[in-house]
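First chain written, first letter: the chains are A, B, C, D, E and F, and each begins at residue 1.
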Amino acid sequence: MLRDCKAGERFEGVLLVNEWKEVPFRQKPGAYLSMTCQDRSGMIQGKIWNYDPQVLVWLKDQDIFRVKGVASEYRGTIELTIEAIQIVSKEDVDLSDLLPSSPVTADELEKRLAVLIEKIIQPELKMLMEMILGHPEWGNAYRKAPAAMKIHQAYLRGLWEHSVRVAELAEGIAKHYAGINRDLVVAGALLHDIGKIGEYSYDRGVKFTTEGRLLGHIIIGIELLTEEIAKIPSFSRDQRSKLLHIITSHHGKYEWQSPKRPKLMEALVIHYADAMDAELYQFEQAKENHPQDEWSPYIPSMERFIYLK
Amino acid sequence: MLRDCKAGERFEGVLLVNEWKEVPFRQKPGAYLSMTCQDRSGMIQGKIWNYDPQVLVWLKDQDIFRVKGVASEYRGTIELTIEAIQIVSKEDVDLSDLLPSSPVTADELEKRLAVLIEKIIQPELKMLMEMILGHPEWGNAYRKAPAAMKIHQAYLRGLWEHSVRVAELAEGIAKHYAGINRDLVVAGALLHDIGKIGEYSYDRGVKFTTEGRLLGHIIIGIELLTEEIAKIPSFSRDQRSKLLHIITSHHGKYEWQSPKRPKLMEALVIHYADAMDAELYQFEQAKENHPQDEWSPYIPSMERFIYLK
Amino acid sequence: MLRDCKAGERFEGVLLVNEWKEVPFRQKPGAYLSMTCQDRSGMIQGKIWNYDPQVLVWLKDQDIFRVKGVASEYRGTIELTIEAIQIVSKEDVDLSDLLPSSPVTADELEKRLAVLIEKIIQPELKMLMEMILGHPEWGNAYRKAPAAMKIHQAYLRGLWEHSVRVAELAEGIAKHYAGINRDLVVAGALLHDIGKIGEYSYDRGVKFTTEGRLLGHIIIGIELLTEEIAKIPSFSRDQRSKLLHIITSHHGKYEWQSPKRPKLMEALVIHYADAMDAELYQFEQAKENHPQDEWSPYIPSMERFIYLK
Amino acid sequence: MLRDCKAGERFEGVLLVNEWKEVPFRQKPGAYLSMTCQDRSGMIQGKIWNYDPQVLVWLKDQDIFRVKGVASEYRGTIELTIEAIQIVSKEDVDLSDLLPSSPVTADELEKRLAVLIEKIIQPELKMLMEMILGHPEWGNAYRKAPAAMKIHQAYLRGLWEHSVRVAELAEGIAKHYAGINRDLVVAGALLHDIGKIGEYSYDRGVKFTTEGRLLGHIIIGIELLTEEIAKIPSFSRDQRSKLLHIITSHHGKYEWQSPKRPKLMEALVIHYADAMDAELYQFEQAKENHPQDEWSPYIPSMERFIYLK
Amino acid sequence: MLRDCKAGERFEGVLLVNEWKEVPFRQKPGAYLSMTCQDRSGMIQGKIWNYDPQVLVWLKDQDIFRVKGVASEYRGTIELTIEAIQIVSKEDVDLSDLLPSSPVTADELEKRLAVLIEKIIQPELKMLMEMILGHPEWGNAYRKAPAAMKIHQAYLRGLWEHSVRVAELAEGIAKHYAGINRDLVVAGALLHDIGKIGEYSYDRGVKFTTEGRLLGHIIIGIELLTEEIAKIPSFSRDQRSKLLHIITSHHGKYEWQSPKRPKLMEALVIHYADAMDAELYQFEQAKENHPQDEWSPYIPSMERFIYLK
Amino acid sequence: MLRDCKAGERFEGVLLVNEWKEVPFRQKPGAYLSMTCQDRSGMIQGKIWNYDPQVLVWLKDQDIFRVKGVASEYRGTIELTIEAIQIVSKEDVDLSDLLPSSPVTADELEKRLAVLIEKIIQPELKMLMEMILGHPEWGNAYRKAPAAMKIHQAYLRGLWEHSVRVAELAEGIAKHYAGINRDLVVAGALLHDIGKIGEYSYDRGVKFTTEGRLLGHIIIGIELLTEEIAKIPSFSRDQRSKLLHIITSHHGKYEWQSPKRPKLMEALVIHYADAMDAELYQFEQAKENHPQDEWSPYIPSMERFIYLK
């Protein structure tokens, strides 16, 4: 595992290579290869000082390699000087072993999800949830997709982890207000980001799909739900509109790509729970990544430094 | 017709009453009734100085009335003092006779539409257009819906008129750029506002539907196209994504409720043609409404005065 | 009580007159008096068609009157035609009887407050809370002040009601995140708006104080807490900074008059709970005020219509 | 020509050196020289690993050199290792040979311009156009200046190319609207950016002039037109105001440095045609520069990625 | 004088009528006339309860009238019930007697102006100032034009008063900074708003001219200075650019219709002095208009209430 | 002194090391050390090509060193190749000798401050000023703190220099307006940034304190003044509110972290003087740093280039 690499030690293992480039030497002709190497445990920068041009051909088509090299360290950053690199046939690897995944186990998420589904009483909503979560393609994708490209829960199972936490938060908030439909809150929270299933590909590192870039996860989510709800004839038109509104409005603002603002208490609570969880996740990460520091580095997505003590 | 009303003359006819309220007298107890009356030719403010409380019950449930009264004028504004008002059974009236409609005739629009459809070569796109325009429900709605609540083309056939003009503009612009797919431009322009079919109701004055308010015409358009495209198995995934992207991005900015910005030349051209036509329509209206003036009144939607000479 | 007024019936009672003006008749010389009358149960517009100029002198100096008149109604709005109006000596009235107050009783709030205080373990924080809540002046003011001028909880006990609910919400949210100091969340939430004690006067209708306008409740809260914390020598510098930061940042954005953004998980949670409660309160009010309607009127503070079904 | 340089081959030619700097070696004392070299066909980064300090003196005063070296390539980027560099006397070179110019030939632009001028009927407008285009200084400058520093048509003849295309677009759009003065549209479109003649210098690479930075092309255009129009006594005051308004408002928004928003249909059409052409140009460039890719790199000026398929 | 009108007293005098309209009675057929009447001392709302239709014809063409009527008062606002109104031939009136003018006398302004001009040492700048201030048309207009339509110094001589005060402020500020050219500061400050000469007409109430609306005072000022500077052959190109830059940038921000931001210390100081004087003028006015109050009413242009004590 | 370093010469002296990092070589294993070295006269980048790992331990805990090395230059930037570096005991150094300080001497500032204090007539205000300026801790800090982290007057005595100049400017401006309380202007200007005493630490390079980051200098200033004013029983409530309002509003806008906008003429003048001095300081610096250039480099904080001629 890359996480176990220590400066001065040798490393050998199967890695996913995400981005690579030839970097020209500044003081002499020629270049070296720099590449991002990744397995489930983390990411490392690899360098090949002298490379066989043949490698370039491989790199264009393949991204899984068996790599040998030596680790070195500068102020807490480990780098890998690669000595040998070799194509690995895709059949020989479980791709998902090479990507990071949520620290929360699938078992735990499955249990918390069951508790939430259990709370849904309205039969059509419950049926919809069960159809989606049990869908041969989408049920799987829902449990595997990341929650984001970066910023928050950008790893396998991130969507699932994030959705469950948002649903738990939203359900807790809803209890304080008489007028809120808790079934709709739980279902809406679990489904608010469902379109991310199609917005990202995550076979080999998290990337946007073309549809993700052209349409975004709100539109993709609308398409998916439209299709599934159509299979439940008794699903009422009003409930359908409300659920689609929750998807449509969950970013809360036009500038954040929601074409409608929340016009239901349920939609408002889900918007807040979603935004809050994404921000608190960044606090959690900053604390984890800087356990010794009083202040985090500047966090561009939050436009501030965070106090860690 | 209301447009023919002259100060001092009597009026008698069938009118649609859109909004009404009791206005308390300021200097004495009691109130009078003020109501917006409308037929195809225009809108007028009506007043009943002494009203039978029975009228209030009618007004709650009905909105078509046979009205008798006398017109009076103040500086170009005609008002109607109503002397008698009587319910009209819905069966006895063609509702669409009571709403204003586009100055461009259906015949002319049908011809211009045919010219545009003719230009589409790609078979699946052409088929989609024909299916939608020939659809028993949507084809009709497309030719009848207004283009907006207010601001531009807010009358029956307004969507059709606006869509045809945007398509003609966009097609003309596209000719100047080698890289633009003109089939996609024409089809996308004709369909960019298709969701307005479900965003407004227009049986009795233009109003937002509940789905229109919760989802908006972009989301409704996505739903509708998803459903129709699914009926054409040979419609390519890539073309489908592009067409849906055109719908999604046609407002051009997040703040204008487009969750994506235009990422295709075709989408960009349609966005510009749409925005430009909506603004130029307001110039046309200002010139028509103020034929004698050098400057228009302040136009809030454009944040400016317009020079009319 | 004003709430019990029915059209056509006579009314007699003691009322608070908040705003009044002479309104010139539009069609004849002279004017009538229009004034906002209020008791605990609600607000009503009163009119005096013929008034003794003497009344104007009274109105300048006094705002409590014994009023006799007749109610009339237009579309659900009751107005009062005042026939007699008479000064009441301030000594003879309990002023707070004339202002609306929270629908949640003081008893219930006291109990929920006790539950929250009970949760605070850290001794200095607990001591601070007890000092403020037991303070002869501030403890009382905290339980009496409104939460806002308008928009949310703009009535007596509104600050208390809002603070308790925000604390309950924030405490519930905090449970889902390991790194949050729940003592600080509860105390911070209960104190986040403490400066409103000095921002509003509420003896006779809610008004801004001069200090409220010049400094605002964040600055006033900082002053108040600085003074109280200084009385607890063992209160740590670090905890003091964090608590003051929560007050400083609770509006979340510079544009919303917070000179710092939340840099602590605790501050972030309180910001979100505060914003969410203020918005959900408006949903609750809209539902209560429009029990028959599908959609609320346009709500300017939220820039939208709300769906009420 | 630089465009013909291939990795591994020698290059010899006359080049314009735009920017140069000494770059310190990171691992040893000393520095190398890095410089931007340019001829009509493109731009290349040149490096001199060992340089005679004398070169620094030359570089300060001169920017045209005869250069010998060897090209090398890294992932599609060609660099030039310079072995010999020598001053060239300005008299010996046609400076404009060293700058890139529009892919549209002067002949073609002249023809398209003539077609446009032909359409102008109003005699004073036609005279103004002929005076400016035939002006010994400005007529030449108009045909030579770039359209921008970067972003769009940033090469010689770029202003001309852009102006002609905007005029063609605007003229095509104008046909769809009865109330538009097409003479004014064509003349205004051809002149909208006339101030760029003075905003940029382009003898040796495109640079801002001091007047360009202090005043900008809108103000400079106003000055220039004021002066020219004054030479046509029969030019009406009203037409003059309209034409100057078109210049003043063509950026469309205050934030984009237009001190007035378009208040004429003609000004609005020109604003849209201008903005649209500048954006579509970027699509064209992205497609040309990335013929193999599905998506462009992030384009900061458009704040998005562009789909290239 | 209108200012001397007291409730209950008769008024007779020559007045300027700026805006008028027929206001329909709300409770009976017919309308009354309402009009804004003005003389040098102030403005008053006049009403004619029964009017001869002939008056409407007069009002369209004329705006100076001999008026007889009776004043009445409501809470400090005096209104005029007009009993007789009669056209006055323009030849019989000095129009400027009917418009308010600066409280600072022309004599005082002339003296303060002379002091400022005296400070300018650079000969071309001094010559330019003398040419403009002595110009048969512009010198007069400069001393007569208002500084604004509303908000600040919206009366005759307002431009002069404002320009002199801005120049005095800017000159005082400049003293504290070594690098500032005080000649340029004084001249620039005196000329910064020169274009207002052409932006407003002020023969009969302050109104925008068509050029003012199409071009604005920055563009008009540029035109005017261009023309005048051309008459001084020795005026250096550099000084001309700087002076024009001061005009161009004096609003300080693009959003405030300055197409350039201040790039000279002189321009920056003038921008600040201008903005500050306009705001402080509003404080002065609020204090003058509300001598008894602690707080001003809400001031929309400043988005705040002002403390007056 | 670092400022005296010349390329090719040796340097030996005591320096403050602010930031340091190990920079990996790009073409070979290993790294060099790069560090920011500073004394009163300026800042220089130092490099150690071969370093003893022992140095890293020192660098973590210490920041004052005796350094020997050789200077070299590239285009006006001097670097230092460090050959020997040695810890210096803190007792042996006057830390403030290692930080840059205002070009204006303490003597001059003390004199100008005295002149300003002299102008204050109102006894409580004068007393407050004397208490703070004579306060054993704060008086000293006020005279030593920087005015900013960067942008303007970011050196020792910067707060003092800036405050005195703002007070002089504001006092000069106030003279032109009758309604301004000049005592309050002078005192408010001298105290507007008092909270910076606690916002920055400046023992070894200017850094934010934790309180500075959590609360900011406006809140800290409020705390400090609250405490000091409490010691003057006769200080009126009204004057206290006004003074605190000046602190609260001096940034002028919510977005600039002022929770109130200026509502007093005095507050407005101080806001403008403060903003203007900060901007003019940047002009002064740009001129000083680029004495030969026509244009400054792009200045991000001002979003523009500055003309330096």
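Annotations
FYI, a contact is a pair of C-beta atoms (placed from the backbone, for glycine too) under 8 Å apart; a residue touches a chain by one contact, two chains touch by 3 or more.
None of these values were measured; they are calculated from a predicted model.
Any chain that touches subunit C and also touches subunit F is listed here: A, E.
Of all residue numbers used at the contact between subunit B and subunit E, under half are used by both chains, marking a mostly different-residue interface. Among the remaining chains, the Cα-based centre furthest from that of subunit C is the centre of D. Taking each chain's centre as the average of its CA atoms, subunit A and subunit C sit 42 Å apart. Residues of subunit D in contact with two or more other chains: 23, 26-28, 210, 213-214, 238, 242, 245, 263, 305, 307. Pairs of chains meeting the touch criterion: A-B, A-C, A-D, A-F, B-C, B-D, B-E, C-E, C-F, D-E, D-F, E-F. Subunit B meets subunit D in the complex at residues 165, 168-169, 172-173, 175-179, 238, 242, 245, 261, 263-265, 268-269, 272, 275-276, 279-280, 283-284, 287, 302-307, 309. Interface of subunit A with subunit B (complex): residues 210-211, 213-216, 218-219, 222-223, 226-227, 238, 241-242, 244-245, 248, 254-260, 263.
Residues of subunit C that touch subunit E in their complex: 21-24, 26-29, 31, 210, 213-214. Across the complex, subunit C meets subunit B through its residues 23, 25-28, 32, 49, 72, 74-75, 79, 81, 294-295, 305, 307.
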